[in-house]
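Each structure below appears as structure tokens.
Shared chain: chain A. Partners: chain B in the first complex, chain C in the second.
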Partner chain A sequence: MIGQVFSWLTDSAHWTDTPIDTGIATQLLAHIRFSLIAVGIAAAIALPLGLLIGHTRRATFLVAGANALRSLPSVGLLVLLTVLIAPHFYGRTDIGYVIPTEIVLVLLAVPPILSNTYAGVDNVSPAVTDAAKGMGMTERQILFGVELPCSLPLIFSGLRSATLQVIATATIASFVPLGGLGRFIYDGLQQQDYPQMISGGVLVAALAMAADLLLALIQRSVVSRGLSGRFSRAVVVTSTSERTEVEAG
Partner chain B sequence: MIRFESATKQYPDGTLAVDALDLVAPSGQITVLVGPSGCGKTTSLRMINRMIDATSGRILLDDQDVASVDPARLRRGIGYVIQHAGLFPHRTIIDNIASVPLMLGRSKKEARAGAMELLERVGLDPRFAQRYPAQLSGGQQQRVGVARALAADPPVMLMDEPFSAVDPVVREQLQDEFLRLQSDLGKTIVFVTHDIDEAIKLGDQVAVLRVGGRLAQMATPAELLSNPVDDFVANFVGRDRGYRALGFESVTALPLESEPTVSLDSSFTAAEKAAVDGWVLVLDGERRPQGWLAVADGPSATGDTISTATLRRGGTVAERDGTYRAVLDAALSSPTGRGVIVGPDGTFAGTINASRVVALIEARAEAPR
Partner chain C sequence: MKHKFLIAGATAAALALTLSACGSSSSTSGSGGGTIASKLIMGGPPEFKTRVDGLPGLAKNYGVSFGKYTVTDTGGPVTVNALKNGQVDAADLFTTDPSIAANGFVILTDPKANFAAQNILPIINKAKATAGVTSTLNALSAKLDTAGLGALMVKVVTDKQDTDAVAKGWLSDQGLATTGTAASGVKLTIGSANFPENALLAQIYGEALKDQGATIKYKLNIGSREKYVPALKDGTVDLMPEYNGSILQYLDPHASATAPDAVLAALQKVLPSNLIVLNQSSAADSDAIVVTKATAAKYHLTSIADLAKK
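== the complex of A and B ==
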């Protein structure tokens, strides 16, 4: 079976488009596009909101509320939204399917980003914000100059877990008739072509790992070494600062 | 100068943290606020830089009501040091120190150069500059906190229990360095502590607060020890205040006994000959006291010389114009009962025993003051 999957994946005919079939390359790009749009929109919503809630400590119920979203069944929601939305867009475009799909993915990506961003800001030691305020920083300077950079490790772990989830779940785009790597899984299932189906899964996993690696590299370059603990000098003097790690949900 | 004019702070929940406080913190001096936990020290301090706004009354900073100044601008001109330093974990030490100058618009180069200077000034090795706070010990972080507060050279410093989170040995070091620094800089400092010993050691004047934020007594440390206004202050100041008060009075015209001495390289025979009651004081080449030699301990193993290993070095040494407390302690801690007194240059001046010191203390008490 492994051999069959391997030969399916390495068959160059499967990578390029034919008049009947869409190849791996195109579906991979489609998958990346769905995922990027979803994570991008989710970040645009959840990052500022999380920073604001963390800084003001107001409306924290939104964080708990967003976490409740995680329990929604993705496929069920997708079907429901498609039934509601798709009829308004019949015609040549597939936008009527894209919108429901992106909504489902965004709803999935918002909670980890929001709760981690909030936790990141909330976790900044009160002594640090007190000192910042006491030296004459404005609220804005405290938020962007202290709280945001100090929250980056947690923000990144939120982004990474959101990205993983979105890439994995974006396969459902193929449940409504859209592209993406899920196509191989659903088609493989339907045609009982198991090498194709498993290859689809392998491709999704590979994409997820590649995305995570990319984010990890970005994280390494933007998070201060003072927070990540990767100090350049070998000697570490006894530290009294305590840092709490909050696990990304 | 900082002046509280019936400054009052009532929290929204009704707690009256500071009640009509009148207080003056003179320029160039250290004013310590001390009192039991919850008496309103932190609240009083934070009203100065408007981290907390007074509910009534005023606080004047050089005759200007702080309430009339924009809080962020006000704070940039006031150094602020807190208990757990509160260093920015994502910035290097040098950039932590340079924070305020950079905010004030100084160039990066200038701010960093100033920060480097301060780093040394607070007793830290320049190689700490590129480290991060997590790589420093608590005491080192606290020093950086002080350096950061000093960076823009503010005339006023507010310090809230800055040394209370470190162990006693480090605390003492930090206190000594802080006093040395202040003698150079002459800032107007308001310093909060709950530790009366720290208050007495550091304060030019000490304000004792009682719970409810009321001023119990404002006095110099010596006055506080010798003349507490009521039982509350007396109890708070502590039991051995009589002895501690001696630390604030310098002796004059100390009647010293001459004492036979030998130098480190003398023979044991010479030392034995010079000894009084079996003891002789040993000096180094520059006539600085090294310790007492007990004749009974015998010569060193290698021959007729003084063994440095058996020298009794436990006694304290007091300066001739030091305090009564230091002189008495020298007498009490000496194995011979003869307290070793030195001149300002550290060379041996003579000895005095405890009963003579006590007689001096009594004579001074009888004289009308």
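== the complex of A and C ==
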């Protein structure tokens, strides 16, 4: 079976489009597009909201409320929204199916981003914010100059788990006539073409891992060294040798 | 610090590129040598792409190859909506689907029998098939046709009318609601599969036989063939409405007959010994290529063969 999956994935005919079948390349791009739009919208909603709730420590019930959204069954909601929304769009457009899919994915991505951002800001030590206040920083400066950088590790962890969940769940777009890597899973099941089905799953997993790796790299370069404690060897070595020189001298 | 902005900038640029590439990838391309079909988008279930009577069958029997195929669902709401709103031009639906009548869709005829016949017929325990029962059911099957059954399904599915009342209404409309004694003294248990059309047919059979004096007990919505065929064999159910193509495929997975009479002949050879089938009606619930009224008028379509014209 592993051999069949490998040969399915490496067959160049499966990567290109024909009038009947859409290839892996196009479906991969479609999958990335659905996921990016969903995570983008979710971040635009949840990041400012999380920062605000964390900074003011007001309306924390919103975080609990958003977490309750996680229990919504995605497929059921997708079908319900499609039945409500799709009949309003006519002609050669898939927008009537894209909107329900994105709503479902955004609802899935908001809770982890919101609760992690809130928790990140909320967990900044009061000693740090007090010191900032003592230095005469304004509320805005404290939020963006102290609390935001200090909570970046948690914010990134929320963003990463939201991205993983969205990429994995975007496969349900194939329940309504949309593309994405879920197409191979759903079609493979119906056509009893199991190598195709497993290949779809493998591709989704690979995309999720690649996205997580990318976010991890961004996180590495964005989060302050003072928080992550990661100093390059060169810096450490230079400073110790300098110190030795100083001590020797 | 500069390093940080460089990475952020590069990431943003990569994302923008990806998005713009996605935007341009949705264009469609046609092939098939300028036939009507090559200008159309076909919608249906995923397995229709590979099924013997799906796209391969349409190409083999009619030389029809569509410009594009969009996977929707198996004769469900997504397919109906996509056809109605123009996301697809032709769709694979079932011939008695109430949405066909409700939306004025046109069923393209299948003269070369690409889709196996699915004529409705009663399957009955030999011991219960008395002359009176047989003549009552045969008279009923003679009046049942696909359009008529489709209209009844609109009443059941769309208008949410009681199936029992719809069954009685149809019998009296057809002049079949006459009381008699043809089936008096016969006790029958009538079963049905678990979908509305089959339950309605079971009640049509039941009401007609009741009028002729039979004692009827219903076991509706039993489930799939894996459940009710054994019940027919062991006599817990005496009578069921069936579809000749599907029951033949169930009893003989290698059956290749597609025309109604050939299917019936093949079916009679593989039936369990205690069961017989009575006359089949012209009503059929098979796969069909369906187009909107506007598309049919625009390209003068009445048969699947018309799709291969230039």
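FYI, the second predicted complex is superposed on the first by the 230 of 249 C-alpha atoms of A that agree within 3 Å, B and C clash if a C-alpha of one lies under 4 Å from a C-alpha of the other, contacts with A are read in each partner's own complex, and residues count from 1 in each chain.
In this text, contacts are C-beta pairs under 8 Å (C-beta built on N, C-alpha and C of every residue); 3 or more make two chains touch, one makes a residue touch a chain.
Predicted model, so just to flag it, every value in this text is computed and none were measured.
Shared-chain residue A:Cys150: touches chain B; no touch with chain C. Applying the stated contact rule after C-alpha superposition, one finds that A:Ser221 touches chain C and leaves chain B untouched. In the superposed model, A:Asp130 lies in contact with chain B only, and not with chain C. After overlaying the two complexes on the shared chain, residue contacts for A:Val83 are found with chain C alone; chain B is out of touch. In the superposition on chain A, contact is made by A:Gln141 with chain B only, not with chain C.
Once chain A of one complex is fitted onto chain A of the other, the partner contacts of A:Gly229 are limited to chain B, with no touch recorded for chain C.
No residue of chain A contacts both chain B in one complex and chain C in the other.
For chain B in complex with chain A, the residues that touch the partner chain are 49, 51, 71-77, 80, 82-92, 99-100, 103, 130-138, 140-141, 145, 148-149, 158, 165.
Within the complex, the chain C residues that touch chain A are 3-4, 7-8, 11, 15, 18-19, 21-22, 25-26, 28-32, 41, 43, 45-47, 49-50, 55, 65-73, 77-78, 81-82, 84-87. Here chain A touches chain C in the complex through residues 19-21, 26, 29-30, 32-33, 36, 82-83, 86-87, 89-94, 96, 174-177, 183, 186-187, 190-193, 214, 217-218, 221-222, going by the rule given at the top.
The part of chain A that touches chain B in the complex is made up of residues 125, 127-138, 141, 146, 149-150, 224-227, 229, 231-233, 235-241, 243.
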